[in-house]
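Both complexes below contain subunit A, partnered by subunit B and then by subunit C.
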Partner chain A sequence: MPSGEYFTSYEDRMGLLRWRIEYVAFALGLPIPLLAPFVMTGQLVSVFTLVFIFIIGVLGLHVMLSYAGEIVLAQGVFMGIGAYTASRIINELALGILPAMLIAGLVTAFIALVFGLPAWRVKGFYVAISTLALQFIAIQFFFRRSEFAVIHGGTQQSLPSNIGLVTDVITIGSATEEYFFAFVVMVVFAVLTMNLSRTGIGRMFRALHENDLSAQVLGINRFRNKLMAYAIGGFMVGVSGALYAIYIGFITPEFYSIDITLLQYVMLLLGGMGRVWGVILGVTTVELLNHYLLETLINAFPEATALEPVFFGVIIIVVLIVEPKGIMAALGQLKEYLRKWPYAY
Partner chain B sequence: MSGQHAPPPETGLRTGPPIDPSVAALGCQSVTKTFGAITAVDDVSIGIDQGEWVSIVGPNGAGKTTLLNVLNGFYDPDTGGNIYLSGEDVTTEPSYKRARKGLGRTFQGLELFEDEDVLENIMTTRAVKQRPNLLSALLFYVGGGRRTEAENMRRVEEILDYLELWEYRHSTIGSLPLGIQRRVDLARSLALEPDVLLLDEAMSGLTFDEKYDMVRFLADLHEKEGLTLVMIEHDLEVVTDVSQRMIVLDQGAIIARGEPDSVVDDPEVQRIYTGVE
Partner chain C sequence: MVDVGALFSVLVTGIGVGALYSLIAIGFSLIYKITGVLNFAQGQFALLGAFLVVTLSTSLPLWMFDVQVPVVAALILTVLIGAALGLLLERFVFRYFIGEPVLSVIIVTLAFLSIIDGGVRFFISSQYRAYPDALQPDWSVSLPFDTAVQAPFVLGVVLALLTVAGLMAFFRYTVMGSILRASASDQQAAMVLGVSIERTIVVAWALSIAITSIGGILLAMSSGGAGFTIGDVTILVFAAVVFGGLDSIPGAFIGGLVVGVLRQFGVYLEEFLMPGLDSVLPMVFLLVVIMVMPYGLFGTERIERL
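The block that comes next holds the complex of A and B.
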């Protein structure tokens, strides 16, 4: 607790911003993402739009894995379900982005919940396998077959470049508009996730993650809470998929392969599990690293751009060897060092 | 193990006058639990009255923890036995439902949430008591979540004060000595506001001073709050000092029950503790 600052109520103690320094940081930090699109290159604006979209998806993984302890290997297909659902809502019903996001989230939450049902009998790796099965069944078979077009609406679909928030009211079309829209949605989901973490449901998720047997003896319904985690996480990933489809303007099953699942795990682990700020840092670092690595290779060694994933992989491995708990843990150590400086302890 | 011991006589100290389990605060009727060829609990019937402090004793492997695990639903009894909580048959109910109906529990192996601090450990069971609503949790400021959490924190701080844990509230579990961890385990179960508390060797591994503190807290809870306590304990001195009744298990079966002073003088009890015939 900083010297001279005291909590005067329990409500104060639970705030997202609790210390004067946090209020100052917030006031100074908030204008940055709001002014950034006016000073960044168009390419970088697009990169950050993608960062915001992926943060929402990785927050979903964060709820399922970091909070509830469930290994889910279907991030790709959950995003795909969100994308195909949103595409149908926008193309066929013209309801706009917000209803499309909502319905995409709900449909994905339902599918996630169904594939989380094995959690009733088994846990850990065995549940992960059921989600991996969904990944392959849906992406390698279901979305590629025209026989199922009545359900998914077609293997490849395009979305209009200008879409209203609700029907055709307030259209989102330019890169800057997409940036701000994705930013607002990301902030909403980040706050919702933080709220989940600091209330009873988040605590029960974490209790089940840490010690499910004692959690049950202490009154926590394991099955219900695990399914709730699947549904909440699935909803977020579905919304992220819907935004991803709108951002790219085109969908095809290849976009939602197991690669996207693994990439989101890298983002989560690199940032540091257990904290929303870890998710934000992890996704931002991975996307910027990808972007600048590719740009450097294009400028310096244009014939070697295919090696980008190799460099990317090596950097990730090195970072995780240096600090296995991710960037948040490294920043925590730095903060502790600065707090004690110039003394060792 | 079943059948290796002599059947207890029909009358007298060895069988005692059991309280009708079906009307007791906590009880079981003809409960047996086997693991393959091993009979860990053998046809046990007990009834614990509201506000009683009962100790279950016996040598290692006597079936004490298994009996507790059956009572709180961690294990299902073999067919035929029944478990009662406040007069209600809860045999088919899972452990989490029994906990919500007022059956608290501490663990011999502690089983605390190691990655969380003391406050979070206790807030977790407090959350169970409150049954949080998803929407109010997500919305927090507008859905009543903030108010509920503040109420929970207020209650948890009271428990921390009561058990003299205030200075450890932000310590992670792994950094605490065993005596404090056992107190946190007790605090965590108290946050659920149980009617009956099962204590599985809550004083195991504690120093004399730590034991003294634990007994002081439990005696307060029993006398002032009227909490029903069922305690597994090896220290017969503690048991005879604090318990109103004592149940002795050996090889899964009850071999004696009654007032502690009488039970410890029983030759059969002395035999199983000293090994002297």
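The block that comes next holds the complex of A and C.
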């Protein structure tokens, strides 16, 4: 980095695009995801749609975990609630994707608030245990029992393949349309999350994460802010669950088990906690890895698909041992190395 | 009209099942007490033990030979493999996470959850495996009110009591035990006094996984064979240890019994209300305990300072 302070105003200092090279990168990089679906194979387009959907969900986890520091192990339930809500709204009320997404997000945010209530007394791994217990109740009991069909509307549901944005205006059906829709929603949430970290709320979350006792001494209401983090994060995960349901076109409680929670943790940790770019990188890496790994495994040993979770487990342990801060930190080190190259310092 | 006999049988069976849970819970809180690792894969270690016994004693595809180990040898081998696994885990994985944040450790144990689950499905069996006859004792102990306790539950109660007593004595009267206690209460001070922390952690892991696999085997015996539902015991174990206090071994024992009784009570209630209550009741109990008394019965309360 060149020496000297280059920023002369607060807006320059806190801007999302600060350096000239960032403007250039933005201008050159923006067309890539917009043009990509016309170049890529259909399979890859669908993989990237899934990537965008998961980015939204992991951004929600990112708000709860990296900003507010709550180890929430209920990602599966949050996605499930979003999915079931969206499915009911699309199937029974036929309101279209956008209202379904919003209402799914709001319902999930409300349930996430309820899940966050133990934060009143406890923190750290007690939060992990209590959210895991709630996940267990919701997925193993609530969504599986047809007695509750009045609320969740049936254990297994399917969604139509062509759905309008609002009622039946502008239908989203083909893979390319789904790709662009997921991309736009993803960008909106990514920018919102980036901005959240620059607001007072984001700073309060961070303060509580770093040292909640000191933050409380400084007059920050711990319980209220933790609940706010649950609500914001839950909203995003709910939206992601709604999109996931629309993408797959079918919902069943098995999709929303602890496995999907674990997968999203892998994505977040691999990318690097604390940065939106880390989330984007992590989700993309894991999904592409998943795609190619599964392809190779099926080609090489057709019966070895059970080994996939084993590979994932091993990858996450190796990553945590070698580079606990994730790909973002590794890239930063690479940048430092290249800047000084060929000298050592 | 409440049937006293039925309730008594719920209580007795509950204590029997609970003793099996408490064995696994003891393994859990042993590890937590000494290393501070919160093992989310405890149920999977029990699962591994349960499946290893049936594989070792029925068919062991050792390259070309089909080796059959006698049942008793298989049991002993499984416990030994469990202990060895504990050694390896500590040496190659958990040693790197000393002093890392809680989150990393939790994620590592979650990764083990999926590694063991997938590994057992691929290398051993992806289906339910019935136990050989020698591992399905058909005797039972009769009690008043026409209730009888199945053999695995009797064994479980006896073994759990023995384990608790043994561990308490081990911690109190042996040198290794006091070293473990010392490093549990203050790692740095123990290190200064010449205690090898690595070795104590190794011992803790080996003991924990050995006890857990005994619990897993008994759990499988009580249902006639090894199935993947054993892995779900993790969340019940959480309920047990949180109630007893996370770092207390007698607490884990009592917590296990309470969870077992609650679970059987849920089975009893299913007739009147709806199925599935047996797994929900312990969860609700866990949530209430977390909200009302997070440090449990015998757990050490943490006092935080700025």
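Simple rule for what comes next: the second predicted complex is superposed on the first by the 316 of 345 C-alpha atoms of A that agree within 3 Å, B and C clash if a C-alpha of one lies under 4 Å from a C-alpha of the other, contacts with A are read in each partner's own complex, and residues count from 1 in each chain.
Operating definition for what follows: a residue touches a chain if its C-beta (ideal position, glycine included) is under 8 Å from a C-beta of that chain, and two chains touch if they have at least 3 such contacts.
Because the structure is a prediction, the values reported are computed rather than measured.
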Which superposed partner A:Leu34 touches (first subunit B, second subunit C, both, neither): neither
First, second, both or neither for A:Gly313, with subunit B first and subunit C second: second
Partner chain in contact with A:Ile21 - subunit B first, subunit C second, else both or neither: neither
First (subunit B), second (subunit C), both or neither touched by A:Val166: neither
Which of subunit B and subunit C A:Arg13 touches, first, second, both or neither: first
Which of subunit B and subunit C A:Phe136 touches, first, second, both or neither: second
Comparison of subunit B and subunit C by subunit A residues contacted: C
Partner chain in contact with A:Trp120 - subunit B first, subunit C second, else both or neither: second
Which of subunit B and subunit C A:Ile298 touches, first, second, both or neither: neither
Which superposed partner A:Leu262 touches (first subunit B, second subunit C, both, neither): second
Common ground on subunit A, meaning residues reached by subunit C in one complex and by subunit B in the other: 213-214, 217
Sites on subunit A touched by subunit B in the complex: 9-11, 13-14, 192, 195-196, 198-204, 206-207, 210-211, 213-222, 228, 232
Parts of subunit B lying in touch with subunit A, wherever the complex brings them together: 72-74, 94-96, 99-100, 105, 107, 111-116, 120, 123-132, 134, 136-140, 145-150, 152-154, 157, 188-189, 192
Subunit A residues touching subunit C - in the complex, by the definition given at the top: 65, 71, 117-118, 120-122, 124-126, 128-130, 132-134, 136-137, 140-141, 144-145, 147, 213-214, 217, 258-259, 262, 265, 269, 304, 306-310, 312-314, 316-317, 320-321, 324
Subunit A contact footprint on subunit C (complex, rising order): 38, 40, 93, 96-97, 100, 102-104, 106-108, 110-115, 117-119, 121-122, 126, 232, 235, 238-239, 242, 274-276, 279-280, 283-284, 286-287, 290-291, 294, 304-306
